[in-house]
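Take a look at the following structure, please.
The first chain written gets the first letter, and so on, giving A, B, C, D and E; residue counts start at 1 in each chain.
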Amino acid sequence: MRAPGSDKGVAAGDVLLAVDNVSLNFGGVKAITDVSFDIRKGEIRAIIGPNGAGKTSMLNVINGFYHPQQGRITYRGETRQKMRPYVAASQGISRTFQNVALFKGMSTLDNIMAGRTLKMRGSFFWQLFRHGPAMREEIEHRKVVEEIIDFLEIQAIRKTPVGKLPYGLQKRVELGRALAMEPDLLLLDEPMAGMNLEEKEDMSRFIIDVNNQYGTTIALIEHDIGVVMDLSDRIVVLEYGRKIADGTPDQVKSDQTVIDAYLGVPH
Amino acid sequence: MRPTEAEATMTTAAPSLSDVAPAAAAETILAVNNIEVVYDHVILVLKGVSLTVPKGGIVAILGANGAGKTTTLKAISNLLHAERGEVTKGTVEFEGQRVDKLTPNDLVRRGCIQVMEGRHCFGHLTIDENLLTGAFTRRDGNAAIKRDMDMIYDYFPRLRQRKGSMAGYTSGGEQQMCAIGRAMMSRPKMILLDEPSMGLAPQVVEEIFEIVRTLNEKEGVSFLLAEQNTNIALRYATYGYILETGRVVMDGAADALRENEDVKEFYLGVAGADRKSFRDVKSYKRRKRWLA
Amino acid sequence: QEGVYVPLFTYRTGPFAGSGIPIADGMRDYLTMLNERDGGIGGVKIVLDECETGYDTKKGLECYDAVKGKKPVIVNPWSTGITLPLIPKASVDKIPILSMAYGLSASARGDIFPWVFNPPDTYWDGLGIILRYIGQQEGGIEKLKGKKIGYIYFDGGFGKEPIPLFEQMAKDFGFELKLYPVAPGDMQNQSSQWLSVRRDRPEYMVMYGWGAMNPTAIKEAAKINYPMEKFVSIWWPGEDDIRGTDGAKGFKMINWHGIGTDFPALKDIQKHVVDKGLSKANKDKVGELLYNRGVYNSLLIAEGIAQAQKITGKKMVDGADVRRGLENINLDEARLKELGLAGFTGTLKLTCDNHNGHRSAFIQQWDGAKWVKISDPIEPMADKVKPALDAAAQDYAEKNAGWPKRTEPCDKAS
Amino acid sequence: MNLLYALFVDPWVQMGQAPDLLVQTLWEGLVSGVLYALIALGFVLIFKASGVFNFAQGIMVVFAALTLVGFYEMGVPAFLALALAVGVMFLLAVTVERVVLRPLVNQPDIILFMATFGITYVLIGLGELIFGGNPKRMITEQLYLPKGAVEFKILGGFVSLQKIDIAAAIIAAIMIAVLAFFFQKTRIGRALRAVADSHKAALSVGISLNQIWAIVWFTAGIVALVTGIMWGARSEVSFALQVIALKALPVLILGGFTSVPGAIVGGLIIGIGEKLGEFYWGPLVGGGIESWLAYFIALAFLLFRPQGLFGEKIIERI
Amino acid sequence: MFYREAGQYKTSYAADMAVFPIRQDRIGLAVILFTAFVLIPAFGNQFFLSSVMIPTLVFALAAIGLNILTGYTGLISLGTAAFMGVGAYACYKLTTWFPGVNIIVWIIASGFVSAFVGAMFGLPSLRIKGFYLVVATLAAQFFLQWCFGRIPWLVNYNTSGAIEAPERFLFGIPITGANATPESRYLVVLGVVALMTWFASNLVHGRVGRAWMAVRDMDIAAELMGIRLLTTKLLAFAVSSFYCGVSGALMVFLWYGSAEPEVFVINQSFLILFMVIIGGLGSLVGSFMGAALIYMLPIVLRLLPAALGVPIAAATVEHLQFIIVGVLIIVFLIAEPHGLARLWQTGKQKLRIWPFPY
């Protein structure tokens, strides 16, 4: 995989994505109220907060699944009122989901290959024959996918339908699918829920490696405070849809409002 | 994954860390005897699992992804049928009676209910209605049901705020609370909890386990929980079983398990006294397995 | 067993079973009677074989392929939808098709369709007869000028077939034609059509209906107080379609054969078939309109075989022989009498060119309990029908480029 | 220009000129709407309780009516025949639950849909085998259902209402009210909705699917019987009736698969819409548009409300 | 034991991505093709060819079409028969306009007409989902059927309102019309179906197929991954209708020989849907199995009593046949809800681990 972003005029440390004064409500429910924060190029940015704080909704706003009533989103210097899912995807935002959203009927390989759809250009005509250009393209992308599979150590389940995999592996496949899009910005929604320690460690390593090796910017939602504190560069804390804190792990850890609202005990 | 040398030194029999089997200590409410489970007629998942839950006890099943925790719980609550799985060997006894041929409905009536992994709230029903369906098997009148509803809302204030919204729209954590609350509404003698902590904020996790403890102490409800969060599970449970690829590989009192070096290293993540940072995990670290 | 093989396509199941069952019974019982009474035709047993089509073209074709191997001497598709695909096959497989008063009207032209027979009338003839009758009622066909005639029809091939001719006649006689199609799925749901009738107030209503469409139409007509004497149908409604319907009294339809069992042949059916328990029909259904329609159909089959035996001198005739036999059918009074069917129906003579006969038919009326014949035989409008028929036949042959010229020689009438 | 006139002006002029016909059209639309709604109601019941799209509802209507008339023709007194028919529907419900639904619990909707097709085949075969395929007359008088019509001379013409139609409307209204109440307000009703949502979760909270399904299929059987009587009285009891059951589909979709009131409102919209359409606009294209108009009406509504008028909102969350 | 891939190593991605990576499967396919192209026409009797094989193949093709839409893309359609009708009528118009052009060309071309119409009716699929989408396809079913009956231009103003397949030749041999032998018709149908199955198999195994399945399994996630829902769904509608259209043209020209609008009724749509479900959603092999089962079973049941010499009336056979087919459908579903294709796979799985039970 290439290092994304390098050719797009965004240097490390620059703001890759900024959310300004975003508000989102569903009927009476205020999911997000006037939240602003930014994500810098190359960092791991965590979003934490109690259940129902609006974290998932925030990710949904960022990649265009929810459309905020108010506020603006600036991505790679371009400011919009809202994202469109297709635009977000084609401009390098990919994600994983809180409740695994894999394509259940397909194998691991196909799931990750599906992540490459945006990169595939082959004509419909050659697809019919599965020869010539279509086959060449298929093999080329297969190589990339195999790289990801090796990276995530899921070789053994390559051909297994994902619906039958245990939860932890499904999460891993989902990460693989997101990586296949070669994202600039990777949104991870509770990637470690339902995993035991060992698997969390594996997952952490993957996240760090992705961040280090490919320079991918990561936004991470996670309830395991240990993981969040260890991995992230900066943390936003939401509560009832509002931002209550924003800063480095150390700052957030000792912030009394955060302790009251979320952590419960100092970590 | 390759087996490590450590595996070679392990005996095939499951080592028991405590000499007292839990059943001996108190009356048994649930006994699972050597069950084997097959999915789709061909996939063998449980290869002979036995466990017991004493009346009024909290027992944890621990183990990696895919070890068969969920399958064990479903085998007990008879929900396997709905997934084309079946118990091909062994028995399950609840309060001394065999229950493996009953329907889930019968089991709930007898006081054993499962909270399924992954929430499974009724998306099109409101939180309120979700809780009410939990009381489906109850016959003790609306007043009692009302009282219990209030109790659950007291346990989960977040739910009270969202009581009128359709469960499908609530956040992951809210759904988890709803699922647990719903099970409590049936006033069970025993709850099978599958991954209660998944997706919950840390202090809610603590709260839930506190609730488990309260119910256990005040109302005498027994618990069998499958949990990935070994740390907290072993703090609240009295006894634990460790499952690996469909077999019990170790069991013992919770304290004993907590002190076991292997458990410490692989499930609790404590090397010596200190917790290590997730940043320091080395990529060559491979798991030691008890059994192939 | 040995004998001439006569498959009967029937539909005792499906949405049209109501009409299919009595027809099937009538067909079967008459031929069974011949077997029982006379030992078959000309001393050869008739081997009967029912094939159930459910009025479904797919199954009909399957039936055809299934019986084809057993050398049938004739095929009765009993559905226009099944008849159409069989027409081109007939000449190739040398199996004559008898589509009695249904099917492709143009196939009346024996010179173009040597293997297809549709006596005694086409749907166009039926229309001519109905209009003549209406003309009589009004005191002359020219009195139709300025009148309004409504046409309610099954919105499929059968119901649509008369429309071009109808329109032609409307122009010729100066009446206004109103169309009320009934979709196959809406047979039992005709209120909008009859509302429109109520709005348009046509002086007469003509109906080409089938299956459940008939009773529903009669009920709906009664509902809007349409005068039943002005409601005339083609020949398909049976007693079951109308019996017990309030306000149905006065309803009229065309028919060309007798009802009841007051004919020696039908008596024989009762004696040799029904009483012996060989019939599937309920005793009281024997002799009803559609049952006798089935009998008429079988009369043609039997006569075709008999004539074939006579021409060829063979006892075991085949399809090609029976085709010739059918072209020589001549049911005159004497022959009908001989067959025990005197007065059962009008005479019928088929020839090489004329595979239909275009015979006269009469009008009968429902008196609240039974059908009553109320008119003399009425001739179809040959002058109007003939050109249309010729054009249609020509058209068919042209559109199906390579349609074979008739090569079958013509037997001189014996 | 002419076309525009015929499309947009003329129909209204006609309505104004003959208001009695308009009223009559509306009434006919109402009646067929009610009858569609009755069929749709059977679908809704089962869909709500098991998430099963019951293809067999149409044939159940025929089968129920056929049993009733069949028993009567065998010499059983009318009301005893009615009771027997109810009994048969009960038997059917229990059998279906036992033999079909129980082994197929928690399977995808489409599989259950397919299974109901199997049921349809069995019912067609059984019905014809036992009672024969020939159409039968509904025993309207014997069941003391009203006959004849009431006519009003109003609006410079007359409007005639069939008494049987009025009865159908009343019975349908009562049935729908009862069922709506049952679903929204009772314990079983709530359980039904829960089952429709997720078999697995319903099982886990101890809802007895078996019992629920038997109840619901039986209820749907009763609805089918009522429907069969009403439709049968309009024309006859024959297997052709199953074709008309298809008309319940747009009604169902328009109203929302899971809504009892939706069935009736959908029925009325479709019934009235298609009668008006056929009566006033149909002649422009040669009539017969009734066969597809209903689907387009439903489609038009769906474009604005994808879950139907009263359907549960399709939850899209991730 | 007999079915093991052990020892068969793939050395390239291309080999691994082959549709039949296992040797036994490839041999099996060769045997099937040999049987279909050589043995059956050589030894099958006329009834078998024209009333069993041709219809089954025609329906299998339609089932593949519907499977692309329903099985692969997750959009339920009840308009299959109407799209088949579009193909049939288009083919009729085309071949009567330009009788000189080979009929095979027109059969394929009519697929494009059908694809266009299908895509039109697929437009609402962006907004309407699940069972609700059925209404759009139902609208297509009834509206198109009405058009077939109502637009005389479509039938070249034939008075019968039906279309007749005129005689057409391939390599000088008649393949349509009454003079076409069952053998020649069968081979043409088989050729077209085999070729199109190959295309379908290529499609579903490649990028396009993955996009379809992604939309089926989780449309929201697919959208967030940059798969355009509308284009993907419309493409599925178009390709599906293309297959149905060709199948309809084959049906009228090489099987029925003529057709009225009533041929393309909704019951046929249902029938094909059931073939797809019974065969296995999302499986091409399943489409064949489903078509074979649903179409052949009644024929076998109907012929059985006569073959066994049981004297039983045709109508009773029909009734019993309804009951038996119904019961068998339910039995099959209970045995394997994912269809015959899955049953077959499980069977293979068992063979692989034989003689052990798991």
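Assume a contact is a pair of C-beta atoms (placed from the backbone, for glycine too) under 8 Å apart; a residue touches a chain by one contact, two chains touch by 3 or more.
This is a predicted model, so every value here is computed, not measured.
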| item | value |
| --- | --- |
| Fewest touching-chain hops separating subunit C from subunit E | 1 |
| Minimum number of chain-to-chain contact steps, subunit B to subunit C | 2 |
| Distance-maximising chain from subunit B - centres being C-alpha averages | C |
| Length of the line joining the C-alpha centres of subunit A and subunit C, rounded to whole Å | 74 |
| Between subunit E and subunit A, distance of the C-alpha-averaged centres to the nearest whole Å | 41 |
| Whole-Å gap separating subunit C and subunit D, where each centre is the average of the chain's CA atoms | 36 |
| Distance from subunit E to subunit B - Cα centre to Cα centre, in angstrom | 47 |
| Sequence positions of subunit B contacting 2 or more other chains | 43, 169 |
| In subunit A, residues with contacts to at least two other chains | 56, 65, 97-99, 101 |
| Residues of subunit D whose C-beta touches two or more other chains | 124, 128, 133, 246, 286, 288, 291, 318 |
| Parts of subunit D lying in touch with subunit E, wherever the complex brings them together | 53, 55, 99-100, 103-104, 107-111, 113-115, 117-126, 128-129, 133, 246, 249-250, 253-254, 257, 285-286, 288-289, 291-292, 295-296, 298-299, 302-303, 306-308, 311, 314, 316, 318 |
| List of subunit B residues in touch with subunit E within their complex | 38, 40-44 |
| Parts of subunit E lying in touch with subunit C, wherever the complex brings them together | 45-47, 50-51, 55, 96, 99, 142, 146, 149, 156, 158-162, 164, 166-167, 177-179, 255-263, 265-266, 299, 302-303, 313-315, 317-319, 322 |
| Residues of subunit C touching subunit D in the complex | 12-18, 20-22, 155, 179-189, 191-193, 195-196, 198-199, 211-212, 215-216, 219, 223-225, 240, 243-244, 246 |
| Complex contact set, residues of subunit E against subunit D | 70, 76, 124, 127-132, 134-136, 138-139, 142-143, 145-146, 150, 220-221, 224, 266, 270, 274, 277-278, 281, 315-316, 318-330, 333-334, 337 |
